[in-house]
């Protein structure tokens, strides 16, 4: 299953929820803001959001800025 | 305008006793950021959003910002109104408030704000309940339109972002101060406390600084220096500065005649 | 020079924690003077001498100056070294100390200090035990000679007396700061706190202001504003200001790429 | 007897000490610094300094200055 | 861009050997206007339209302008695009060409041009076959849009109309020169030949001056002075000016060592 | 002073129709020097003296200077009056006239002229029949003394030698122009024709340029550009420039009311 | 008959053409540009354009401008 | 015989006039200005000026200067 994460293709073999994906790949899950296909998915809903072929994920966080 | 002389900076009904806003980019050491906020008593600080780097552990910028500080989320990275709106919504969804610095830039060399797209974004975001502080090139007509669509403040640039050149737009920011009823916050390009004082002396309501603090040899002391200069400039504005004398002739401050002379 | 970064201003072995000197001329209301000294924490203030007006009751300026403040007697009115020396001696005889601002002016239009006569006066007064702070036009060679004859500080003008035009001599005061080992106190012409901050940012050791404070709408608040600006500028100097970018190109303080883009 | 005070001629009829002159003519004697013929006369000596024909007096005080 | 270095100023395919444009307002004596055009070799001059005063005999400005000069009709008085378009049509109907300086001002205090309305007017007028030279506040995005809708030149202001303050917008006009492919003509606020030279040195294609010439003691000689300064600045641009040295250190132009020294 | 408005520059009784003086140092190609003199119509050019390098064949600078040009021999290298006098005598002995640019520098970092030593040298040289043009830091008292000892002109610096920073000493050169009766020639630091025009506009009698011409991409065209700017500035001075408007308010050059309005 | 000329009401008693009106009232007819009711009337047509009640005339000319 | 020329010691073996020295060592003798022991020697006198032990020669020329 191909998933585009922050503009880069990723191959995911098993069925996986957004929550599982983030916890597996992000060093600080508690900082992450997630969009799937340009819609924000609230943290409370990460668990039941299953990733699908060609989903476009944006994983975003706060950084220093002016 | 009378509210130009109010004790506090008031934006969207919220009172701030500090008129110094701090940006959080470019700090080499995040502890310096925390200390700089404290040293300057900044009550509003900007942050930005960015894609996570999956390969690298990054520090959480928010941990270094005290909880009583108002977060102002910068839409930097937006090239048009649509993208700015999208970033603002993400920030709100993430639980970080509704205060947005609307920054729309479609020029990668000079990083000039696109006033027209900024107006569009402010219009949409205001309707959605955001408090928007638009970062603009100081144009009287653009500022009027921003106020008309609900901006509770405008943030004109002093000079190009990151150049430290000071108040190159002075003549035009002065027009905004005289003509626009919402607070005018000078943003970008202020490279020294004297620049911040100069902006405040002519009646700017506040200033925002990032590069000059974050890249100083001692960012914490520099943050304090800027905050002091902002107070100095504010007090000078309230005191009514004497005018510059245009003649080339000097005017004595000491009595020069009547002593030792015939 | 290392002493350029010392915490206190040290002149002739005496320590001052304030780097703001206040002139006492032109105050409309003498109570404002007393309050301005207090508000600015000035530790050195200038006074002058003048023939008494037998017809008129005048207030005693000294009553408005706290006793712990160092009086600096200005030789204003002197047109040459001889007259400056005479005024200094009168001041000492009157019991008011040995700290003299040596000001020799022989030009009634621009009030430019005469460096050569000033050097002569400092030479004589130093031998007589005075502490001299010479008011000068910022000329490297004159400053060197003043140090050679014993001046424990030099006071170059920022712009013509009373014009409020700011640091018109910046390029040349900078040379004094780099080359002269005694404290450099910028005097005359500073018309706004931003001017004072600018002087301190480049490493001036202190500033003296009179006209811009005394003739402000609110002299007390303005005195405070100048003192704050002096601290701001000093802190910025100690923090090492970042340099101005000379290219016309901007430099982002926020991350601009990698978000919302492909 | 003619005395020049601060550049102006004054006629003084009686014999008078510097102290008496100052107390008579100056609103605030305690603020005055006195020179007679370009020599400073200390306050303690005012009493015994008698004014003479053509004496040049400078009566000086501190004022605000920059 | 290579055409920045062309010998002639080329606008809408028409070649001009002079890069000095003259405005015709405020001349006390119309003969001075005729002589000023001649003395400066101006090839483009602006005129305006106004309601006739039925009570007063007025001179015909057009009689003082040589027939080979290109008339540029200013839409001054227009507060929005519609009014500017109407004035342009009147001018064409009257037989005076199709070259229009599009000036839209809706601010009676600062006389700032309204870029957005100007863009609309240029869009309409270009479709109707006019050659439009828009008078603008120097904003990169506005200039890009003007070029996109067909403006063959842009005329950014140097400082507020009639103030003679010079190139207060220098940093932003520089951006237009670098980024905009059509000729950049600096208009408004140039108060001295040195200001005009400065604009040309950084690569402006031409300048337009009115107030500083018309209100000079000797308008004819002043027109010549501006034209000379424009040529001087142009030649300096073509020669490639050396850069300013940023250090405070000097660099000898004479050999300083090896003579009279051991 | 009336002679400030004379058509020609008059120094020591000699008339010059050009008010542009050219220095000959730093030219990469000596043919460029010859062409630059011709292109600018310079009538006075400076040269210096140096020990011969026995190892290297060097070109003879004098071959590139037309015979009708007045040679002004710079005493560069002199650290005090004695050395300056010695250099002047050598120049005269060599058959190259009696026109001397008296330059005394005892500071190898900023290359600031030593006014006091310069006055001494001018005093001696004048008695020996030299025509001296002293290079000075613009100090009113020093200029007065130079005139008193016989200098037929003074040459104050605009900014540090070779820095191209322009008229940093403007406020003080203006005083010389107003107070000193001999021609004031601005020397050193003028980096662009606009700087030269600015000096002439305020009434300087002439300017001397070297570095900015010699190090330009095209020195010949740049020499012409400076000469044009000098004429432009001179004409502007003679025309009486209008003043800058200090208010922030604009003043229309076109009629703004009464048309299309009710 | 009322005619508004350059924003001011004028009473005209006789029937009159635009050409006649301009020649009567304007010092320099050859400099005039005329609009009637916001439409430009070319000089060649002035003769046959008769003025009517409530016509709005704009009579315009070139002047110095920046 | 040691001669200091422009600050550098030179050994000269034969007796030599200033003229001969300059013509031997300087590429462009016609450009040279000569001092011997801080006194200028005019070109017409070069021939008869013989160099002596410890003479200090300055050989100078015009160059570009500002």
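Should a chain be cited, it is by its letter among A, B, C, D, E, F, G and H, assigned in written order, with residues numbered from 1 in that chain.
Heads up, the rule we're going with is that a residue touches a chain if its C-beta (ideal position, glycine included) is under 8 Å from a C-beta of that chain, and two chains touch if they have at least 3 such contacts.
On a predicted model such as this, the values are computed, not experimentally measured, just so you know.
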**Q.** Steps needed, at minimum, to go from chain B to chain C via contacts
**A.** 1
Q: Moving only to chains each one touches, count the minimum steps from chain C until you reach chain D.
A: 1
**Q.** Selected interface, A-B versus E-H, where C-beta contact pairs are more numerous
**A.** A-B
Q. Just how far, in Å, is the C-alpha centre of chain H from the one of chain D?
A. 73
Q.
With centres defined as the mean C-alpha position, give me the chain A-chain D separation in Å.
A. 94
Q.
Report the inter-centroid distance (CA atoms only) between chain B and chain H in whole Å.
A. 70
Q.
Could you work out how far the Cα centre of chain C sits from that of chain E, in whole Å?
A. 45
Q) Residues of chain H that touch two or more other chains: which are they? A) 6-7, 60, 63-66
Q: Please set out, as single numbers or ranges, the residues of chain F touching at least two other chains.
A: 23, 25-26, 46, 48-51, 74, 76, 86, 109-110, 112, 160-161, 165, 171, 175, 210-211, 214, 248, 252-255, 259, 261
Q. How about chain F: which of its residues touch chain E in the complex?
A. 23, 25-26, 46, 48-51, 74, 76-79, 83, 86-87, 103, 105, 108-112, 160-165, 191-195, 197-198, 201, 210-212, 214-219, 221-222, 224-229, 231-236, 238-245, 248-261
Q: Spell out the part of chain E that touches chain B in their complex, as residue ranges.
A: 106-107, 109-110, 112, 114-116, 137, 139-141, 159-160, 165, 168-172, 175, 179
(Q) Taking the touch rule as given, give the residues of chain B at its contact with chain D in the complex, in rising order. (A) 252-255, 258-259, 261-262
Q. Across the complex, what residues on chain C touch chain D?
A. 23-27, 30, 33, 46-52, 54, 56-58, 60-62, 73-74, 76, 86, 89-90, 93-94, 96, 161, 188, 208, 210-211, 214
Q.
Give the list of chain H residues in touch with chain E in this complex.
A. 6-7, 60, 63-66
